[in-house]
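In the two assemblies presented below, chain A is common to both, partnered first by chain B and then by chain C.
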Partner chain A sequence: MQNSGVDAIIRAFPRLLNGLEMTVQIAAISFILSVLFGFLLGVLMNLRYKPLTIVLRLLLDAFRLIHPIIWLFVLFYGLSYVFHLSTDGYVISIIVFTLWGSFEIGDLVRGYISSLPRHQFESSLALGLNRRQMYAYILLPQIVIRTTPSIVNLATRLIKTTSLVSLIGVQDMLKISQSIIQVTYYNNPTSMISFTMYLLLLLLYFMICFPLSLLSTFIEKKVSSL
Partner chain B sequence: MHLTIRNLKKSFHSNVVLDDINLDIKQGEVTVIMGRSGCGKSTLLRCMNGLEQIDAGEIYLHDTLITKRGSNDAHWVDIRKRIGMVSQSYDLFPHMNVLKNMILGPMKVEKRSKKEAVQDAVRLLERVGLSDKITAYPRELSGGQKQRVAICRALCMHPEIILFDEVTAALDPAMVREVLDVIRSLQNQGLTLIVVTHEMEFAEKVADQIVFMDNGKIVEISTPRQFFYSPQTVEARRFLNLPIDDAILK
Partner chain C sequence: MDTDSVFDLIPIFARASAVTVWIATTSIFFAFTIGLLFSIALFFKTPVLKSIVHAYVAFFRNTPSLIQAYFVFYGLPKVSVQFNSYTCSIIVLSLIGGAYMSKAIYSGIKAISTNQLEIARAMGLSKFNMVVHLIVPQALSISIAAITNNSIFLTKEVSAMKIILLPEIVYQAFAIIGLRTDLTIPVAVLTVASYLLILLPMSYLFSRLERKIRFAEFGG
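== the complex of A and B ==
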C-alpha cells in the first residue's frame, strides 16, 4: 500500500482536478465553436461556388488527413519562430481542435444537404419560401436531427484527442498526472504510482466519455424512427 | 386570359426542351397537358413559376409580364404565392406534421396569424376527409393521403392557379381516384388548373382544353372530345394508339 502512490495522488488531487477542468474546457469550447462553424462550412460547401468549394475541400482534407498533433506543433512553434508571437498553448489548442471539429462537422453537414432529395428544395421554393427561410425551416432542422448522433460522437473523440495538448505544455489532465508521477518517483523510486495514476486516468476519461456515448446511442435510436 | 405564354423557348445546354410554345389559359378552366415522357411537360410547368429560367419569349399573368429578365427572388416569391404547385414526388417536409406543413407557407410567406392559418388548414383537411391526420407525420400517411395533404398545402396559400405535375403517377391505382376527386372538386371554385397527367379518363371528363406536346413543341390544342376521338396530328394518333390513315399523313 505504501508504494501504490494512492496517498500521493490524494495529496495532489486538487491539481488533478484543475487538469480535468482544463481538458474539459478545451474540449467544450472547441466543440461549441466547431458546431457553429461546422454548420456554416457545410452550407458554404454546398453553394456550388467553385473557387470556394476547392479551397474548402483542400482545407478539409488537410485537417482530416494530417494528425492534430502535427497541427499543434506547427502552429505552436510556427507562430513563435516565424511571426515572433508569444504562443499560448491553450489558445493554440482551441484553434486546432476548433478547425478540426469544424471541418468534420462541415463535411457531415455538406454530405447530408447534398443527399436531401431535390424535391425538398423545389417544393420549398414553389411554396414561396425564400432561400434564407428554406434553410431555416426546412433544411437545417432536418440536418440537425440527422447529424446529432455523429456530432455527439465527435465530442467524445475531441475529449480523447485533447490529451495531445500536454505535448505543447498545456496543463491538462495528462500533463498534470505526469508531473505528479515525476515528483513522486523522485522522492520514492520504488513507487508504483505510474500504474495507479494511469489507471485512474483511464477511469476519468471513461467517466466523461461513456455518458456521451450512451447519449449518442440514445439519440441515434430516436432519430432513426423519424 | 389568365395566363398567356408567347414564343417561349428553353434549352438545357444544346438540348432544346421547349420550342416556341404559345398557350392561352382562361380563368377558371382546366388545362390538361399530355405527351410522351421527356417531351417537356414538367419543364413547361416549372417555367410558369420560375423554377426554370426561360431563354426567350414571355409569360403573362393576367396582363402582367412575369418573366422579365433579371427578375430577383422576391419577384418570384410574389408570383409563387399566386401560382401554386404540387408534383409527383411527395413534397411534404418529413420533419413536420401535417398541420405544420400546411401552416408554414401562410405564416412565413404571407405573414398571416397562426390562428387564422390553423383554421384554414383544419377546414381544408376536413374537406378532403383527413381531419384525423392533422398531427400525423408524412411517413405515417399513404401515398394518396400525402398527395391530398400536398394539395391542401398549396390551397392554404390561396393561389389563383395551381400546377399539378403528375400528382398520381407514383400512386397505387386504388389511390389515384381519391386524389383526382380532390382535383376535380377544385374545378368549380374559380381556380385555374393546369394538370400534367397520363390519366386519360380524368382528362376527358375534366379538361376544358387538352394540350398535346411532342418533342418540346405543342402540336395540338383541342377539346377533350376532339383530342380523344378525332386527333388531328400523326403524333397525337400515335400517342393514343389510333390508326393513322392516309388522309392525315398527307
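== the complex of A and C ==
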C-alpha cells in the first residue's frame, strides 16, 4: 500500500524538534562568535601592518574559495588523524562556521572602514581622541548600522549551510530526518516518506530563512534612507 | 590499493575535477539563461510570471542546496520522477544559480536610468529591440561582478552534490578515506589542491572578463 509517511513524521516529530534545536544552536553560537571576531578582524585588517594584512588576506581567500564542506571534512578527519583525538562533530562545526563567518564579516567591516572618508580619522585625532576612542565613539556606531543588512543576510546563509554538519555525524534536523526515513522504510518499503520528509524540511528551512531575508531587505532600505 | 598509492590518487582526483568542471559549466550556462529570461520577465512585470519568478527566487535562496538535492534525488522518485546523479546535480545547481542570477541581473536592469527607456520608447523602438540593444548589454555590464561571483559560488557548490553520489572531488575524497584512513593527509591536500587549480584560474579569467566588459561600457 502506498503510504504518505505523514503518520511516521507526526510520531517522530519530537525528535525532529531536537534536531531543529541542534541546527539553531550551532547556527546561533557560530553567528554570535562570528560577529565578535568579525569586527575584531575587520579592524585588524585595516591596521597598516603588512605581514598581518597578508596573512589575514590569505586566510580570507582560503575561506572564500574553499567550500565549508571541505573545511568540515579536513578538520574532522584531519585533526583526529594527526593528533589521534576523537573529534567531536559539534565542536568542529562550530569552529568551521565561526571561522567562515568571522572572515566574511571581517571583510565587510574592513571594506566599510576603508570606504569611510579620510577626514573622519583626521578630525578625531585632531580632536584629541586616541585610537580606542576613535573606534568606539566615531567609527564603530557607523559600521554597526551600515553592515547590519549584510550581517543578517549572513545569518541566513549560516543557517542554510549548517545542514552540512549532518555529513560529519552531528544529529541536526537533516540527520535525524534521515534516520526517521530509514526506520520507516524498514517497516514499510513502499512508504513515500522520503518525498514528504524532504518537502517538510525544505518548508521548515524556508520558514526560518525567509523572514530573515525579508528583515535584511527591510533594514537595508532603512539604512540607505539614513 | 597498495602503499605507493599516493601517486595512484592523482588520476582519481583529475577525473573528479573533470566532473566538477563539467557539471559546473553546464549549470552556470543554464543558470545564466534562466536568470536572463526571468529578469526580463520581472522587468516587463508580466502579471502571473512575475509572481512565479518572485516565489521561485525566494524559495531557492532560502533553502539549503543539500536538502534540495536530497529532495530531487530521493524524494521525487516516489512520485515517479527519476534522474541520475549527473542530471539531478545539473537540475538542482541550475535552479539555485538561476535564482541568484535572476536577482543579480534584475538589479542590473533596475540600475539603467528610466530616461533611456523613455527615449527608446519615444524613438519608437520595439520591445524586442529595446531588450536586445538597450537593456541586456547594459544590465549585463552592470551586474557582471555579481554574475561571476555567482558562477564561482556554483562551482564550489558542486561539492555539495557529493550527497547524491556525484563522483566529484569531495565524493572521491570521502570514498578513499573510508577505505584507507592512512591516506587522510594526501587526500586532504589533493582535495584542496584540486579546488585551487579549478578556482584560481577561474577567478583570474573572470576578473579579466570583468575589466574587459566594464571597459566596453565606459570606454578608454
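Everything that follows uses one rule, which is that the second predicted complex is superposed on the first by the 224 of 226 C-alpha atoms of A that agree within 3 Å, B and C clash if a C-alpha of one lies under 4 Å from a C-alpha of the other, contacts with A are read in each partner's own complex, and residues count from 1 in each chain.
Keep this in mind: a residue touches a chain if its C-beta (ideal position, glycine included) is under 8 Å from a C-beta of that chain, and two chains touch if they have at least 3 such contacts.
Worth saying up front: this structure is predicted, and the values here are computed from it rather than measured.
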Original post:
Is A:Pro51 contacted by the first partner chain B, the second partner chain C, both or neither?
Top reply: neither
**OP:** Answer with first, second, both or neither: which of chain B and chain C does A:Pro14 touch in the superposed model?
**Re:** neither
Original post:
With the two structures laid over each other on chain A, which partner does A:Gln120 touch: chain B (first), chain C (second), both, or neither?
Top reply: first
Subject >> Which superposed partner A:Ile70 touches (first chain B, second chain C, both, neither) >> reply: second
Subject >> Touching partner for A:Pro189 - first (chain B), second (chain C), both, neither >> reply: neither
**OP:** Have a look at where A:Leu164 lands relative to chain B and chain C in the superposition and call it first, second, both or neither.
**Re:** second
**OP:** Please work out whether A:Tyr137 is in contact with chain B alone, chain C alone, both, or neither, and reply first, second, both or neither.
**Re:** first
Subject >> Touch count on chain A, higher of chain B and chain C >> reply: C
Subject >> Interfacial residue positions of chain B with respect to chain A in the complex >> reply: 49, 51, 73-74, 76-77, 80-81, 84-85, 87, 89-91, 93-95, 104-105, 108-110, 137, 139, 153-154, 157
**OP:** Would you pull the chain C residues touching chain A in the complex into a rising list?
**Re:** 58-59, 61-68, 70-71, 74-76, 78-79, 152, 156-157, 159-160, 162-163, 170, 173-174, 177, 181, 184-185, 188, 191-192, 195-196, 199-200, 203
Original post:
Within the complex, which stretch of chain A touches chain B?
Top reply: 117, 119-120, 122-131, 133, 137-138, 141-142, 145, 226
**OP:** Show which residues of chain A lie in contact with chain C when the two form their complex.
**Re:** 65-67, 69-70, 73-74, 77-78, 81-82, 156, 160-161, 163-164, 166-167, 174, 192, 194-199, 201-202, 205-206, 209-210, 213
